[in-house]
Amino acid sequence: MNRNTVVWVVVFGLGAAGLAWRAAGTGMGSQYVRAIEVHAASKTGQQFTWTRYDDAFPKDRGQPDVALSTPRTLGVWVAALMTLGAFSFLFGDNPLFKLTQAIVIGTSAGFAVCVGFWSTVVPMLMGRLHPEFVRSWAAPGMPPDQQTEWIALVPLALCLMLLWRLAPWGGWISRWPLAFFIGLTAGLRLVTFFKADFVDQVANTILPLAVMADGRFDPWATLKNLAVLAAVLATLAYFLFSVEHAGAMGRAARLGICVLMITFGASFSLTVMGRISMLAARLQFLFDDWLWLIDPLNRRTGL
Amino acid sequence: MQRAAPLMIAVTTGFVMILAYFVPAMNDWGDMATNWFNILAAAALVLGGGNLLKMNLQQIAARSAGWGYAAVMLVSFLATVGLGLAKVGVHPPVNFPDAPWAGDYIQEGSALGWIYEYLINPVTATMFSMLAFFVASAAFRAFRAKNLEAGLLLGTAVIVLLGRTYAGVFLTGWLPESLGWLRFNRLTELIMDVCTTPGTRAITIGIALGVVASSLKILLGMDRPYLGSDEA
Amino acid sequence: MIPGWLKNLDRRWIFLLMFLAVSLPQLFGVSFPERPSRKVLDVFDAIDGLAEGSRVLMAFDFDPASEGELSPMASAFTRHCCEKKLKLYFMTLWERGPPMVQKALDIIASEHPSMTYGTDFVNLGFKPGLEGVIRNAFSNLHVDFKTDQAGNSLHDIALTRELKSLREMDLLICIGSGSPGPKEWVQYGAAPNAMRMVAGVTGVQAPQLLPYVPRQLVGLLAAIKSAAEYEQALIDRYPQLARVDQAKEGLRRMGPQLVAHVLMVLLIVSGNLVYFLGGQSGDAP
Amino acid sequence: MSSANGVCRTLLGAAVWLAGAVALAAGPAPPAELHVVDHPNDAGTALDLRWQLSPDDQPDVTPRKVLRYDILRQAAAPGAPVPANGPAFQVIGEATYGAAKFTDPNCVRGTAYWYQVVAVAPGGGRSLAAASTAPAVPVMQLFDATRLWFGLLLGVVCLLILACIARARSGRPMHMRRIAGLEAVDEAVGRATEMGRTCLFVPGVQDINDMMTVAGLTVLARVAQTAAEYDSRVEVPTSRSLVMTAARETMQAAYAAAGRPEAYREDSVYYLTDEQFGYAAGVTGQMVRERPAACFYFGAFYAESLYLAETGNLIGAIQIAGTAESSQLPFFVAACDYTLIGEEFFAASAYLSGEPQQLGTLLGQDLGKLLGAALIVAGSVLATLGQLGPDGGSAAAGLRYLMNSILGSG
């Protein structure tokens, strides 16, 4: 075993032992649920009953309808270990991270398949082609006057062409749906971008170069407008491709890049703020929900 | 034919979509097409998922390095697909209790809901939050005031970082009202108004023209990323 | 004069510093005073100025990925509206949004048990259809909304029985982290119908929405800092909230936030010192 | 449903009508002069209503005597005489007090409709109805006239680009300023070849219905061709199945164009997962294990940008990024060797190809920027002049036309 492996084994071993000791002592990570009976009657009057479990605080565990939930407790432990697994990438590639990565790619790709099937294929394709069939099992709430929309055969045909790739010959047919959607994207985006990002932004930049407020000249607002206009024009100058950045154009382009850098600096900081909040929320999950080290929301008072 | 037909399809659809914007009767074609796109993207998961399966199976069969992880990935994928498509643990909706297949596929308490809440979600949120670490390392390593531009970037970053916490008030709160605009929190707002907004605006105008030109190149057949070679 | 180890500092040390900067203030409950700024008070006053019984739309268009930044805002808005005895209409356009709304409902259930579902607040739930839903809801709510989240018909709920469209709201509150989100609510809802609206967004989104203040948006809360200031404004007005720990989530978060920001600044400064004093042989590109 | 619904509506209509008759005494004064015209520039699905407010609807009288106006409608049965009032009128919408117009968006083209408007008092008292005097029929317009100026502007920009392409094709010399990031692409691929390592190309996390992804694929075409010429390997992990499919076509064509179709391997383009961070974890894991010598990020990126770029930095790869997602640019600028900002990213494939007609589009884009700048300057001058006169005079009128008709169209 090389030194790296030894270090990892020791770290894992110590960590596991510490966790086991703490878990045995405090019951950390335990999740409690409140059982709620759900009664429902179908349109034919048949009665159905099942139990729904809502989250409960650990401090309520003495109450009669509150009980320890094994799947949710296990879930918190799994979530915590997956969190640590992802964090372990900070120390470099390691077996725990590889395992986490394999699990998360596998499950999230599978999740995408489920979402695609239940939220797109069933309602948007099957529901349009055969409404009675879909209403009979997957979407009883679908309006009863929903008619078959034959136009939905077009996307069905496009899907079949795309999947024809899997056939042993004629895979080129799958280029047709690709061509259809790339052409579509080009046409759609050409118009929408020109509208929202060109025309509207030009309109937003039009400002009076001398601001009069209540009949008096307002030097601050004037200065601000001039600065905004200069900044926009200089940044546009930076983006010119057919003019070499030299002379007057070079100076304008340099001002433009300065504006860009200030923009990036501000945007950098705002984003950093968000990331740090995320990290704080993540650590709070580990410290509060899992390790029971802190209790900012008073969920375990008196335990 | 193999290359001419798709080219015709792309060019025609593109021009029709442009025209549709100006013809009231065709205005909702864009929405309809977006709808179709979602269906195609869902169907394409068969190809993507199939490819994922194939690659992992190959790796396992060849016992190449890390095949164990490939097996884990394969099992997680298949298990998620199976549990999710079968709606394991999903209760019917309260108003249709006799329709067991009608419940929300990602309901709390269902198998897919558990996978989402305790496997996918924590890792996603963790990966998101790890950016705080990478940002710190980039700040130490890459943010060098080598020239005026870089200096501006990090100067702005520092002012905004401080201006958005109590540290800004602590450091510059003593400034008299006549110099009030120099206080970090006010300076932050000034930077936003005079630089960030126009800077973003100019970038946006450029992007719009870039998109127009890129789209035109596709509609003229100058760029054909969807066309393979003739030997297919 | 700069030691070699500093020049080639392993980035894992920096990771450790960042970890300590965020975790220690959290473990020890460090927090700092906040004074609500004018921009935050604009938002606060927009809600505080509403008469008892006014209708407020609460659109929560975010998911767990931005929960850390946005849920303190969502909770603060909810608490404020409950204190003011407003009628609340919750909804989300994000598939993963319903749990976010549920948190707000949990706050109502535990802190304002006298408020009843259906007459004081209603959860319209998740609706697919992106900005199209917004557009429709302002001409006729009942096109896309037939039932609430639990499947009850809107005709059986007191708050929605008489409601024709979202135009009848007295204020729109949208908390969002992307698209569809506050920008779409402004473009398709507030602006064309000349309605009052306030929004809460992540720091990343803020630059995109700033141009709408103050004409289309009465006010904007951006990032955790604004949420903390809002909580402070709320505590100043309703001192009983000072005893509710849950009402200080944002304020608590500002502790790690401040320490981490200072660390970032120190890292930038020290990185430059190493670079300039150390003969410019750093590993910068 | 439709028949049951119809019965319900008829009953409701009758109830409304009866209620109106009963509450007549308590009702406000009726609105008057109801005019219904076709809603312009639509597909014949809407009608516009205008009326005179009820005399009781005064802006500053409290308490209000009029709370709202109910809009009632009846579709005319073909050939049948239509009563001026009756149970067949159904409430289809309402307008608040002070509003004297309403657009009914739910009409069927070619059907004739009759309308009534009733003022409603806070207590529920209803006025007599103001009725339309003739049936209104929604008509479809073939062209949306409000988008005329927008269409003209778009046409001008497209023509400028086309003219520049034509000029380039005619062989006139074209000079473009250098963009360091694009000059480094060849060098990066070359270095990967020398080191015997792969190149990694990340086409972003969006699907092919995003222009950034499409533009990223056109860049992939050039990078893959260079790689094929150098005999270097390119790996393309994707986060969308359709992008995988499209990228395979792109790569195959690029290898064929380089004259080495046999070197193309389909497995070098593979799908990981749709989930943004699952994908990022997969790509970064791949990076630390395979240590590509050159990393290209061209497409739509969100929070994962820094994650990728910092990992690339750790393994010492040359990194070139391009995106139009402005919130992510600072991270690429900080962590990558070269970053193409916004429009530069869209210009990349033209630069890399070096073909005159492709470069022509760049000249066209420049002219578009000049057009934008000219509009901004002209508008600002008008806005300045418009402030001087008492009511602005012709400059203000010009500004209004520019803002509302030219730039406000579309």
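Labels for the chains are A, B, C and D, by order of writing; each one numbers its residues from 1.
The rule we apply is simple: a contact is a pair of C-beta atoms (placed from the backbone, for glycine too) under 8 Å apart; a residue touches a chain by one contact, two chains touch by 3 or more.
Bear in mind that the values here come from a model prediction, so they are computed numbers and not experimental data.
The pair with more inter-chain C-beta contacts, choosing from B-D and A-B, is A-B. Chain centres were defined as the mean of their Cα atoms; on that basis the chain farthest from chain A turns out to be D.
Put simply, the C-alpha centre of chain A and that of chain C have 16 angstrom between them.
As a whole-number value, the distance joining the C-alpha centres of chain A and chain B reads 8 Å. Centroids of chain A and chain D (each the mean of its C-alpha atoms) stand 21 Å apart. For chain A, residues that reach two or more other chains under the stated contact definition are 86, 89-90, 98, 100-101, 104-105, 107-109, 111-112, 115, 119, 141, 162, 165, 175, 178, 181-182, 184-186, 189-191, 193-194, 198, 202, 204-205, 229, 232, 236, 239, 260, 263-273, 275-276, 278-279, 281-282. Residue positions of chain C touching 2 or more other chains, listed in rising order: 11, 15, 18, 22, 65, 67-68, 147, 151, 203-204, 207, 211, 223, 225, 257, 260-261, 264, 285. Counting partners per residue, chain B has 21, 37, 40-41, 44-49, 52, 93-96, 120-121, 123-125, 127-133, 135, 137, 141-143, 153-154, 157, 161, 164, 192-193, 196-197, 200, 203-207, 209, 211-212, 214-216, 218, 225-228, 232 as the residues that reach two or more other chains.
Listed in rising order, the residues of chain A touching chain B in the complex are 38, 40-44, 46, 48, 50, 52-53, 71, 74-76, 78-80, 82-83, 85-87, 89-90, 98-121, 124-125, 137-141, 151, 154-156, 158-159, 162-163, 165-166, 171-172, 175-191, 193-194, 196-198, 201-202, 204-205, 224, 227-229, 231-232, 235-236, 238-239, 256-273, 275-276, 278-279, 281-282, 285. Listing the residues of chain D that touch chain B in their complex gives 41-44, 140-144, 147, 151, 154, 157-158, 161-162, 165, 207, 209, 211, 214-215, 217-218, 220-221, 238, 240-242, 244-246, 248-250, 252-253, 255-257, 261, 267, 270-278, 280-281, 303-304, 306-307, 310, 313, 324, 326, 329-331, 333-335, 341-343, 345-347, 349-350, 357-358, 361-362, 364-365, 368-369, 372. Those residues of chain A lying in contact with chain C across their complex are 90-91, 115, 119, 141, 204, 266-267, 269-274, 276-284, 287, 293-294, 296-298. Here chain C touches chain A in the complex through residues 12, 15, 18, 22-23, 26-27, 29, 65-69, 95, 128, 146-147, 151, 202-204, 206-207, 211, 222-225, 245-246, 249, 252-253, 256-257, 260-261, 264, going by the rule given at the top.
Looking at the complex, you find that chain B touches chain D at residues 21-25, 27, 34, 37, 40-41, 44-49, 51-52, 55, 120, 123-124, 127-128, 130-131, 134-135, 137-138, 141-143, 153, 200, 203-207, 209-218, 220, 222-232.
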